[in-house]
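Same chain, two partners: subunit A is paired with subunit B first, then with subunit C.
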Partner chain A sequence: MRLTQGQFSFLPDLTDEEITRQVQYALDQGWAVAVEFTDDPHPRNSYWTMWGNPMFDLRDAKGVMMEIDACRVAHPEQYVKVLAFDSSQGFETVRMSFLINRPAEEPGFELLRSEGPGRRIGYTVRSYATGRPAGQRYGGETRHGP
Partner chain B sequence: MSGVADLPDLETRDRPSDAPSIDLDALYRESGIGGMLAGMDRDLVGLRPVKTRIREIAALLLVERARRSIGLRAEPPSLHMCFTGNPGTGKTSVARRMAGLLHGLGYIRRDHVVGVTRDDLVGQYIGHTAPKTKEVLKRAMGGVLFIDEAYYLYRPENERDYGLEAIEILLQVMEDNRDDLVVILAGYRDRMEVFFRSNPGMASRIAHHVDFPDYEAEELLEIARLMTAGMQYRLAPEAERAMADYILRRMAQPRFANARSIRNALDRARLRQANRLFEARGSAIAAADLLTIAEEDIRQSRVFTQ
Partner chain C sequence: MNYVSTTLSTDQTAVDRVVGDPKARYRSGVLKYRQMGYWEPDYEPKATDVLAVFRITPQDGVDPEEAAAAVAGESSTATWTVVWTDRLTDCERYRAKAFRVDPVPGTPGQYFAYIAYELDLFEEGSIANLTASIIGNVFGFKPLKGLRLEDMRIPIAYLKTFQGPATGIVVERERLNNFGRPLLGATMKPKLGLSGRNYGRVVYEALKGGLDFTKDDENINSQPFMHWRDRFLYCMEGVNRATAETGEIKGTYLNVTAATIEDMYERAEFAKELGSVIIMIDLVIGYTAIQSMAKWARRNDMILHLHRAGHSTYTRQKNHGVSFRVIAKWMRMAGVDHIHAGTVVGKLEGDPNVIRGIYDTCREAHVPQNLQHGIFFDQPWAGLKRMMPVASGGIHAGQMHQLLTYLGEDVILQFGGGTIGHPDGIQAGATANRVALETMVKARNEGRDLWNEGPGILREAARWCAPLRAALDTWKDVTFDYASTDSVDYVPTPTAAM
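Let's look at the complex of A and B:
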């Protein structure tokens, strides 16, 4: 199963050149670019681990690409995403977010049904990966930050 | 005729229609460096040898780009430079213009200079230096990294100094990221020479050395005129003579810093002018008074009493 999340979820994985151009676009808008990673792929998991601080004083995407490369080398078997935060008044929110790395094996999600009163069915999804403790889900150790 | 059959390449290359031709002048015009070089001539007084060197480098890079455009040796040329000279001789100013030239010629992606000194690169404890240096490199990527007084990175008297760690990271990036970053080292000439002698790795990566001479007294006066005009002031004729005297005296004193000393002197003259006008605030002040630096604003300097 191939996880899709965020912007460009309908596209094949971006190449490094495409990532560079997206990052440059974000920097040109004056947005702070951050790199985050996780081994919990649930779509409602909004607490990914930060790879270093958000980068807001860069001019050129190459500086961000250095951090992206470092994060992917440290966590080849985890999900890594790039975020662009717009701090200007009225937005103050994430304007871009897209995946830039994924584990080689993605076991996907289990659909759980629970029957309630009146035979009503509640649904929930659970990723198979999170059945194992954090850090052991896709193999490899977890290291925080550069 | 068999010779021709053996050398089909030569045959086609000799035919003018197939020979790629390059309009160097078009490249020159579209790069915008003509305007930049003219701006440098106009805004920077003197500096003959420096301007000549910058022109040579610009010509080299323009031709290199033309060569690249027809597929000759595409390996990026080494662009790292070293600017040597005493304080206030224009190294920082020229570095900014160099970034403009490199950007116009398409050798760097952004027209920006990140200026740093040792303290921005070297940390206080183990594990502190690498992240600091990398942080600076990230900011400088795509443009020019200007390292002022670069020799302070190397402190041989302390064998556990973290400066070497910064130098090693720099060397790596200067080699691996030639397309992403141009490094300009700056500082006193003699100290830079000592630095290069103990850091051959760094010396071998610097392709261009530019030496900045001290200014002559007349050049400094011309710089003073340019600076006053730039600040929207003007020197009264007697004030200009006072400035010429000031320059001769100041040059003979310790810690003289070329054009920087002139800028500082003018800043203080502005302060005295403002005070003078403030004291006279009872009466009307003409617009010309607001513009003019008078003789006394300069003659009151400590330089004349010492």
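Let's look at the complex of A and C:
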């Protein structure tokens, strides 16, 4: 299955040039860009691992792209996303979020059903990959990077 | 009931003489509303006053100031005749004051009447109480041919007594893990007649294909063909399967509208037990029930969707009723999270400027006066959460560039027929909409000119996306280009559809 979280997952994977334009848009809005990665893509996993703090002081798309690339090279078999944080009143939250890397194989999620009283069913969504310990999911060990 | 049949004087000196003399003012009998003190052209509204602007159409021979005073009187303390018991109260303070009357540009016989209300006239946190005054008896008042509440300024002091949206745009997005693009939804069709099992099928297909939400229609409650528990159970099977197959958080607005508030609580509790992220109510349940459900939603971490069923009976015609921007304001105070607020380009009423004013009222932390958008007053929102507008009714993928331009990013775009009516099936319909949306957001962020390049951008994407190609071919000529009946008065009204 193809994980379709994020703004652009229904489109063909973004090229570096396309990612740069999106990063530039975020910077033009005054937002701080961040990079996060995970091997636990459960839809309710709010806390992917941060590739450093949001880059509050980096206002240059080229510099941001270097960080994005470094994360992607270090974790080629994990999900990597780019986020933009807006600190302005009324928002103070994420304004952009899109995937820029995904594992070659995406086994997806199992839907577990447990029958309850009446016709009620309790649902649990479980990632097939998280059956294995962190670091050993999606094509084996995490490489550390260049 | 309160009626006045006297001929109304325009002699201001005579009026001042009566207002200034308690003996004359409180002699038993009938006075002009002006003479009773409801017209105060020198009044400076206080920061704590509730302000309202009404469009008034006085009967022939009734002068506009007297008509405005009558509206002020009938929506606050007055009755048709003088009562001595006024003198037991601090009646000067409780009297609403009409303080300004402007002719409506280009519309002879109509006037905008501005009225200020003392804050103590209203119970804290109660839309029912606010509206019982402001749109109570006064709307049937004989000396007026028509009366329309155009806008209100709710003072911060009063706003702070309201909960506001149970969830709000920010928390909704964080909960759904969905950022940077409009959300996508669809109303299940046919609206009526599907069994629970068949209905859940449509939910599943639409969510699996790429939508974030599906939705019960306003009149799906608990009918013989599908009782509510069946619907809830099958819908949640569809939601959870689609979540597992996409890795995205999905939801379906389970309509809990019912005959009594107790029934609604029961249905809402069941939705919560089943793990639904969202429930839905209809505007016709009434302001008090809406506020009750908003409090329930806040207590139970539930997003609350409001379908504005019934509103067009009183919002659409300009000469009489209540403007939808006022309803939107009341609903943000009452505490709903989603509200249907117009599409501009779809099948339902929606002048672009009016819609802009309504969207601002839903989404902004501070809405400045903007007569060209129908906003008569500055309205700071005092930290009340922001409410997600919903665009629904006769929209399709081929309009994506217009929708994003007109409506922006914090909006839910609902394509019911535009999803389910797709020639290649519901999933294909959903995928077409999702691809069109992501393509357009990406292009906007890249700085492209959506208004002019939009159709070309969609065609480019349709080259690699067959479902989008089929959608564009099917609906390419569909527009709803009719004159709006509810337009703003301060600028010429542009047409919407291209």
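Everything below uses one rule, namely that the second predicted complex is superposed on the first by the 137 of 146 C-alpha atoms of A that agree within 3 Å, B and C clash if a C-alpha of one lies under 4 Å from a C-alpha of the other, contacts with A are read in each partner's own complex, and residues count from 1 in each chain.
We take it that a contact is a pair of C-beta atoms (placed from the backbone, for glycine too) under 8 Å apart; a residue touches a chain by one contact, two chains touch by 3 or more.
Computed from a predicted model, the values in this text were never measured in an experiment.
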item	value
Fit or clash between subunit C and subunit B when superposed on subunit A	fit
Subunit A-centred angle between subunit C and subunit B, computed on Cα centres after superposition, in steps of 10 °	100
Contacts of A:Thr38 with subunit B and subunit C, given as first, second, both or neither	neither
Partner chain in contact with A:Val125 - subunit B first, subunit C second, else both or neither	second
Partner chain(s) touched by A:Gln78 [first = subunit B, second = subunit C, both, neither]	neither
Partner chain in contact with A:Met66 - subunit B first, subunit C second, else both or neither	first
Residues of subunit A touched, compared between subunit B and subunit C (which is higher)	C
First (subunit B), second (subunit C), both or neither touched by A:Thr49	neither
Touching partner for A:Asp57 - first (subunit B), second (subunit C), both, neither	first
Touched partner set for A:Glu18, first subunit B, second subunit C, both or neither	second
Partner chain(s) touched by A:Met1 [first = subunit B, second = subunit C, both, neither]	second
Distance in angstrom between the closest Cα atoms of subunit C and subunit B, superposition on A	16
Intersection of the subunit A residues that touch subunit B with those that touch subunit C	none
Interface residues, subunit B side, partner subunit A - complex	109-110, 112, 131, 134, 137-143, 177, 180
List of subunit C residues in touch with subunit A within their complex	170, 173-174, 177, 179-181, 210, 229, 233, 236-237, 240-241, 243-249, 273-275, 364-365, 386, 431, 434-435, 438-439, 441-442, 445-447, 461, 464
Residues of subunit A touching subunit B in the complex	55, 57-64, 66-67, 146
Subunit A to subunit C touching residues, read off their complex	1, 3-5, 7-12, 18, 21-22, 25, 41-44, 46, 83-84, 89-98, 108-111, 118-123, 125
